[in-house]
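Please read the structure below before turning to the comments.
So that you can tell them apart, the chains are marked A, B, C, D, E and F in the order they are listed, and the count of residues begins at 1 in each.
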């Protein structure tokens, strides 16, 4: 990384980028897919975007799901493209997992399980928030 | 007058399942489908399984549960949509909780 | 005779509609007399001929059309619900209404309900 | 009432008519209005229809509301037409009222407040059920 | 400079949209620079020219048009969301799109978000 | 980094308000609007009012509450939409819970 690039990054305001909170389960509404489309668009414009999973949204991350069994094109598979789009910050609410008796086995890597306080602090590091 | 209850929503997100349980009668049958499958892990299910003393029949649609990576449970029967159709006519009426 | 009427309130792009379709098809396969499907609320959007769902997604409307043709399954849409959602239903310029669907009113729901031994809502 | 009419009524199956369960609050979704339209249509065809209010649906019955304050045409006023349409059975779930700290003051007369068991039994007296 | 971008996800016949409209108008009256409203998900239905809401109900679309004219407020609809809901958006036959709305993609949402000091979703 | 929380759903029907409360920080402000006004009578509100020790500001939109025949409460400020616009820029960001 050159010095100029480092300076550009450093000059960005501290609270920047978009946080997307996913609050819906994957297979009954289109919210998860609609949120994903927004995230990938931000990624392709090289804008910082982080994904938060809370409430029933945590079901989007659970391993071994298969939408094809209910004739749904499985948009969850696209989550593996996050790396390619430089979407690195993926946070899940630990309390939401515990409430639903889910263990921390996800279908993508580098998911960060956070306590409510950490989750709140991570949200706070962003300039804008959308929730689906 | 028995009722077939189709439960389509997650009890972790909405209170529809609570409303369903409040009108549930013995002889009734519950089918968990769509996001209702998640209710298998909800505390309301524990109390339902305790309460039923075997008269209320609880079912889950296999493909809906499997798509969501939900583990099975001994006391809950796995059925398919043809079974739901049969249940429709084995009961006097159907209420959909969605 | 086992007669069934079905109410669908979810739009064609909702995954919940897939469940409704699977149920209705299972009933038809089982030889149940499905006397009609009534599309109410967002369900009325099914009759919009201009709806374009990505080709790799579930084509709910095409599946309803298939059931309509294969089993002469009556598909009714509620006109008030449809007009609220941008489907022009007047008889002269009804190009926008998918021909597999009959434009009806809530009176049709009364009739279906009265005739059916079971009413199931999705 | 003539004997023939009495026989006709008597010959109707015990569980008959439509029960409509209202589960949504009045001013954020169209469900209440859509349910009302169904009820009035059944009434105008002289078909038995009963209304059940449960969960947030009980807010539809509370006195002193005024949708016009939020630019909503107040469909709740139409509830006063129930009598004209021979819609006589209007049931509300007591537990839902208690949970919401609501007292039993309604904007229409003849609302029957029922315990969960009574509510369930009243539902059971109907042939078909729709829920909005 | 206070700049605001707004995302609307509810359809024109939803009462929730009235709240969004009231908020945006209050912002405009307060002299806030509302750089655009982006209609996503069911919000895209606003651009359907054929929608007919009973005349005694709130006319959300007419109100958005009024704000657009009075304040040159940019109204963007997401094309993918619109086509899924039966609004034909291709340039030749776009008769179905209400002219107060600009047919855009999610890229527009990125631009609005980047430029705005506040983003509010309804 | 303060946040303005717009709460639009009834906590009696969905768990969105619970999710909102779980990320609520001191300095944050809550606005109850639409069906969120019903939350004034929810037990979550009691615990919120106890917890805040005065740092979290709780507001309700007057017309939204009045339309629903919801009584006022001393600790909750009645505001209008112009106030919500002002709050939007008094805080660093806005989260809508709907």
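Keep this in mind: a contact is a pair of C-beta atoms (placed from the backbone, for glycine too) under 8 Å apart; a residue touches a chain by one contact, two chains touch by 3 or more.
Treat the numbers as computed from the prediction; the structure is a model and nothing was measured.
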Practice problem: Trace the shortest sequence of touching chains from chain A to chain F and report its length in steps. | Solution: 1
Quiz prompt | Neighbouring chains shared between chain A and chain E, ordered by label | solution = C, F
Quiz prompt | Set of chains whose contacts include both chain D and chain A | solution = B, C, E, F
Quiz item: Relative to chain C, which chain has the most distant C-alpha mean position?
Solution: F
Exercise. Quick one: superpose chain B on chain F by CA and send over the rotation angle as a multiple of 5°.
Key: 180
Quiz item: Farthest chain from chain A, comparing Cα centres?
Solution: D
Quiz prompt | Between the pairs D-E and E-F, the one where more C-beta pairs touch | solution = E-F
Quiz prompt | Same-site or different-site touching of chain C by its copy chain E, using the half cut | solution = same
Exercise. Could you please state the distance in Å, as a whole number, between where the Cα atoms of chain B are centred and where those of chain E are centred?
Key: 40
Practice problem: Measure off the straight-line distance from the CA centroid of chain A to the CA centroid of chain B, and report it in whole Å. | Solution: 31
Quiz item: Just how far, in Å, is the C-alpha centre of chain C from the one of chain B?
Solution: 25
Quiz item: Which chain F residues sit where two or more other chains touch them?
Solution: 8, 12-13, 15, 34, 64, 93-94, 96, 98
Quiz item: Multi-chain contacts in chain A: which residues touch at least two other chains?
Solution: 27-28, 30, 55, 70, 72, 128-129, 131
Quiz item: So which bits of chain C are touching at least two other chains?
Solution: 13, 15-16, 19, 22, 118-119, 121
Self-check item: Touch relationships between chains, expressed as pairs
Solution: A-B, A-C, A-E, A-F, B-C, B-D, B-F, C-D, C-E, D-E, D-F, E-F
Exercise. Over in the complex, which chain F residues touch chain E? Could you list them?
Key: 6, 8, 33-34, 64, 80-82, 84-86, 88-89, 93-94, 96, 98
Quiz item: In the complex formed with chain D, which residues of chain F make contact?
Solution: 8-10, 12-13, 34-35, 38, 41, 63-64, 66-69
Practice problem: Mind listing the chain E positions that touch chain A in their complex? | Solution: 7, 40-41, 80-81, 105-107, 109-110, 113-114, 116, 118-119, 121
Quiz prompt | Touch list for chain A against partner chain B, complex | solution = 24-28, 55-56, 59, 62-70, 72, 99-102
Quiz item: Inside the complex, what are the residues of chain C that reach chain E?
Solution: 11, 13, 45, 48-53, 83-88, 96
